[in-house]
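I'd like to ask you about the structure that follows.
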Amino acid sequence: QIVKIDGSSTVYPITEGIAEDFQKAKKNAVKVTVGISGTGGGFKKFCRGETDIQNASRPILAKEMEDCRAAGVEYIELPVAFDALTVVMNPRNTFLKSITVEELKKIWEPAAQGKITRWNQVNPAWPDAPIKLFGAGSDSGTFDYFTEAINGKAKSSRGDYTASEDDNVLVQGVSQDVNAIGYFGYAYYAENQSRLKALAVAEKAGKPAVLPSEASVLDGSYQPLSRPIFIYVSAKALARGEVREFADFYLKNAAKIAKEVKYVPLPAKAYSLAAEHLAKGKKGTVFGGKNEVGLKIEELLAREARM
Amino acid sequence: MTTSTITLPNNPPPLKAEAKALDFYYGAFKALKGISMPVYENRVTALIGPSGCGKSTFLRCFNRMHDLYPGHRYDGTIQLLPDAVNLLDHQVDPIEVRMRISMVFQKPNPFPKTIFENVAYGLRVRGERNRTYIEDKVEAALKGGALWEEVRDRLDESAVNLSGGQQQRLCIARALATDPEIILFDEPTSALDPIATGSIEELVTELKKKVTILIVTHNMQQAARVSDYVAYMYLGELIEYGATRDIFMKPLRKETEDYITGRFG
Amino acid sequence: MTPSPKTTAPVAARRSTLNAEEMRALIRAAKRYDVLFATLGLLALAIGILTLAALFTGMALDGIPRLNSEFFTNFPSRRAGQAGILSAWVGSLLVMTVTALIAVPVGIAGAIYLEEYARKNWVTDVIEINITNLAGVPSIVYGLLALGLFVYTFGLGQSILSAGLTLALLILPIVIVTTREALRAIPQHIREAAYGCGASQWQVVSHHLVPYGMPGILTGVIIGMARAIGETAPIITIGALTFIAFLPPAPFMGDPPAGLFDWAFSGFTVMPIQIFNWTSRPDPAFHQNAAAASFVLVFMTVGMNALAIWLRYRLRKNIKW
Amino acid sequence: MSSTTAAPAPILGSTGEARLAELALAKARRKRRERAIEAVLLLAACVSVFTTVGIVYILLKESLAFFSHVSVWDFITDDQWTPLFEDAHFGIRVLLAGTLSSSGVALLIAIPLGTIIAIYLSEFAGHRTRETLKPILELLSGVPTIIYGYFALLFVTPMLQRLMPELPGFNVLSAGLVMGIMIIPYVSSLSEDAMRAVPMSLREGSYAMGATRLQTAVKVVVPAAFSGIASAYILGISRAVGETMILAVAAGMQPNLTLDPTEPAATITSFIVQVALGDLPHGSVGYQTIFAAGLTLMMLTLSFNMLGYWMRRKFREAY
Amino acid sequence: MTTSTITLPNNPPPLKAEAKALDFYYGAFKALKGISMPVYENRVTALIGPSGCGKSTFLRCFNRMHDLYPGHRYDGTIQLLPDAVNLLDHQVDPIEVRMRISMVFQKPNPFPKTIFENVAYGLRVRGERNRTYIEDKVEAALKGGALWEEVRDRLDESAVNLSGGQQQRLCIARALATDPEIILFDEPTSALDPIATGSIEELVTELKKKVTILIVTHNMQQAARVSDYVAYMYLGELIEYGATRDIFMKPLRKETEDYITGRFG
């Protein structure tokens, strides 16, 4: 009896924790494997029917929906936690207190490439010092989400920055350079608070700047950089007892584990709603095949409920 | 082209083999030129001549050693008697030729195996499985190679630890173990000290009672001591062939005489 | 034989080029370069060896506190303190087994063909150029090949077998090249002696060449394996698992229908993947685990290399020409 | 022929006519067996060819799909590499520049140091020193490269930054340096083997003329071993061009069209792992880029290897 | 231990070198045992004896060739005259010895360089920069090596493409180019054909007008043809030394006679 899981590296720490506890709870009668091949790579396998559960740091895309349909794979979409993309800077940086989405866009939009290279070009109040940029690799869910939330279009970004799939590498980069700014998942910031400083982000000029935290994500004020993350369970696999048990176990323990690995859990209501969907076997996605940014928890719940 | 001066004995012993108009080519280089010569049964025939004259090349035709290398070519025949097989014939399996004609090389070349396995090797290659038969044969061959007394108690030791002379006698025993019809020796003593050389020479004289022997040597004295017939070669040609005594005492050709009296070489 | 009186006149004076004093000065000058170069050589060696030492001490300092027996017997965990490398080292071991089972016979057979059988023609030319080429192909490209071929076309999935096959192909050139060298080092007179006894070609190969070439062949195999065990990129491309908290089934012990080779089709993880995963985790406690695992991995490579040297030494002792 | 003619009475031992007839039979059997064995061995030798064919097939198949979207001209001439961005550019030159500068730095370290070490070990060091130091040095190439990556990032870069405060945290220089050290044994071991294969008689000839060690090494041994040393260099170059993890971790993965090693850069290989690790839907143009990049890489190493092959032919050792 | 029988000439030419009680050890193996022997200036001294007797070992003491290998040890002295330096002395730099005493080896060993560079090598090693001087020296040495006519038009071609005999003469020219006081020859013709051998022998006879020569040879005829003095060695000992004519015509020791008459070897 094996439950096979693959997909996003972002969701991986939560799923891994669940898998570990689940195996313990079942006294190793059920085996669980978790792989990392990215949300895209994972969906490829999932839609071939090779895996039972898919970790996804974004909703399923139209192309992937089609693949799944072609192979006759149906799925149940379960949001499991929130990730707050965090904009970070070097702790020795004295001039940055907060930043607006506007300013972030000025820095990161494609037009900035090769032109916006000094801080005072973004905001005259800032010093005439070079900007050193660090960001998620262009092949990650984080990159897609950040570009869409800030620049308004997924995958549209300047290219002259240091990119890495390995966020520790980015942590390293930002912590070594006073003039650095970068972004990555909240967990990496949370574990490296001694070396990094999070930057408060204001959705619009004039709106209050908000620091990422469990509270600010839950109350919906950390916008637009908080995003839900998901697992997709194959409907066919759900027919197997161990997969259903695992999925139930997941929803029951997601809040605890998410907190442990420094993600923001969903409100309890969201988990019960998801459990209900699972029980009823509600298939499909509420996103219609595209990613969305700035989705508040209430909206997400509302949509889930409507399903 | 010079012709060969061949003096056949009056009362010839039975023929064991006979080369006829043998040419040999290393690729484009013609190393043997029209060699015709008898090899008498149970006699020692010595091949002499200056370095590079083709002695080894000729000898290695007898067990088709040249077949191992691409681009080498024979022309002419070597008949093996009494069945008159042309052992250079393409139809003839060189492995079969080598099973009938053994060879002992210039440098002793025992396999890095035990003494026993070295001697038994030819039998193993022939698919022999019978342990007592092999043991008997090995003992007989080692006795034939005058090595038995020295190694009887250490047949399981590695052959590479023997002295040079012992190694060479081991190689002779290895060649004997399969009852060959002819044994080819290519300067078998040139890597050995005088004492080992002496014992090998004795051995050759002893062996000819049972097998036909062809031996290449650089050493005139050795040729005189061990052989019954001598062939003097020069630049790939057979200059003179005859009984050893005749060749050394009254060579018919000036070239032979020059060589033997040490005018060069 | 009267000893001639000691003369002070320089002998070299007769020589047209140099007198004795000049000559000595010249030799002193030339020898200075010797010393200089020897120092340079030691310095260059020191750079390499110090790097190695720095790497080692770094890993040891970070990693050794984690190296207790549980580290080897625990499965991965989200709690760094409890996480271990059991599935990783077992996985590495099994993948290496498959790699060896494939690369060794195929590599040796290929080398024998090229060294002993092949006629010199364009086919063998192509094979030869091709092998030198493969030795230079980046490992990540093997990963792409494996993904397309073994995982999908042959349907072997992300299994130990796929990974083992991939790494086998990766080290095949190493095994072939070293085996050929070992065979080439066997003097021709040994071959001639064997043929002279009436041996067939295969008999010469199997009775003599392979046994006598064994020290060299083994060295090549082990060096190849040491290379394979540290490979990360191709295994990532195939998609090794990251969390796997059980071991592949032992022969005949798996879920029915149980067979001898069920384990080969099991999912797996290997040491480099585990290290890679741990280094990319946010919690720095995992980085310590990564250092410990790296230490173990490097130790495995060192061990294999040491084994190669020892074997070469032991086996060579019995083979002389 | 021999097997069919009447077998002669053997001269020695217990063999008889029956034995010879047996031999004839055995010959046919042996011939068949030998053929079969040769066929099997040939097949094994061909595995490497199949591997290449497989690699080329996979790379070409996906690359063809790629080039149906992107013109070859753009691929060669564009000076931006942003295949995964909204505004996609596919200028392979950018990655080639990274590959070139990182390999350049690595080879500037590996080739001189490797050669010096080879000469030292082969001509200066005693037997014991050589037999201990050589395997220790070879361990350098046995360390998993990902470990080197972090070594470059966390150890070498900060050290360099003390000398060059302007140096960014990610740069080709430190990755290249570490890569160079990793490649040293590839260069030194092979070169040393080649030098040791130079017969002692040549060295004796040189020493007998009154030459010193260094003169003998440089003027006689190195020229005599040149083709072997050249293959060692070629292998080193291939390794440098194909190295992945060190660059992925320490060089910054920033597609910069520059040859300046103090800048961060992306290389062909680091781009491939980045995508292989990532999030891209298979079958998309972005995904196909890794095969086009892989093909470029393969052609690059292929041309180096051909060069090496040609050099070996031309300068084959003639002692 | 046998003692050496040494017959000094009545009217001795000046001494060039003299070995006294020379022992030599390959590790634990004593390969030379108490050798004392003169070497006369502008004469050819031949070392003969069966294989393994220590001829090469003795010869290689003269240019400290053994220093290249660890574990080899000298005892006793070799004095080089007229300055009476003991060239085995630890204080004496072997490079200095080798600059004064050249050597020609058994197998021709030209460097894989051009013909010109091969001959110029010794001068370059001596730090010579003057191009015309080097050219003159190379020409003179090639003439001395009787090779000038054959190679004058292809001095820039690789030396490895020369024939064996030409290569050996090149090695002699290389040895000559630096005006050595002694040249050591270790079986210089054993890898050559008779014609090349003849020309090397002539060359040696020519050379002794200018330099002192020590030559090892296996070939009795050669020793008789080229040498003025002969030393017969056996098992690491010097058995007999004397003028060539005496040694070959009326050897004083039975061992020498046995060897020379070819009773073994």
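Odds and ends about this structure:
Each chain gets a letter, A, B, C, D and E, in the order it is written, and its residues are counted from 1.
The rule is simple: contacts are C-beta pairs under 8 Å (C-beta built on N, C-alpha and C of every residue); 3 or more make two chains touch, one makes a residue touch a chain.
Just so we're clear, the structure is a prediction, and the values are computed from it rather than from any experiment.
Under the touch definition stated at the top, chain B and chain D share these contacting partners: C, E.
With centres set at the average Cα position, the gap from chain C to chain E is 47 Å.
If you average the Cα atoms of chain A and of chain B, the two centres end up 85 Å apart.
Distance between chain centres (mean CA atoms), chain B to chain E: 35 Å. For chain A, residues touching at least two other chains, in rising order: 9, 36-37, 41, 165-166. The residues of chain B that reach two or more other chains are 95-96, 99, listed in rising order. Looking at chain D, residues 30, 210, 212, 215, 277 sit in touch with two or more other chains. Two chains count as a pair here when they touch; such pairs are A-C, A-D, B-C, B-D, B-E, C-D, C-E, D-E. If you check the complex, the residues on chain D that touch chain A are 80-82, 84-87, 89, 153-154, 157-158, 161, 168-170, 248-249, 252-256, 264, 266, 274-275, 277-284, 286.
Across the complex, chain A is touched by residues 75-78, 157-158, 239-246, 255, 267, 277, 279-284, 287 of chain C. Per the touch definition, chain B reaches chain C in the complex via residues 63, 65, 68, 70, 95-96, 98-99, 102-103, 105, 107, 109-112, 121-122, 124-126, 158, 160, 171, 174-175, 178. Of all residues in chain C, only 27, 30-31, 33-34, 37-38, 40-42, 44-45, 47-49, 51-52, 54-55, 58-59, 105-107, 109-114, 117-118, 126-127, 129-145, 148-149, 169, 172-173, 176, 200-202, 223, 226-227, 230-233, 236-237, 272, 275-276, 279, 294, 297-298, 301-302, 304-306, 309 touch chain D in the complex they form.
On the side of chain B, the complex with chain D involves touching residues 41, 81-87, 89, 91-93, 95-97, 99, 127, 179-181, 210-211.
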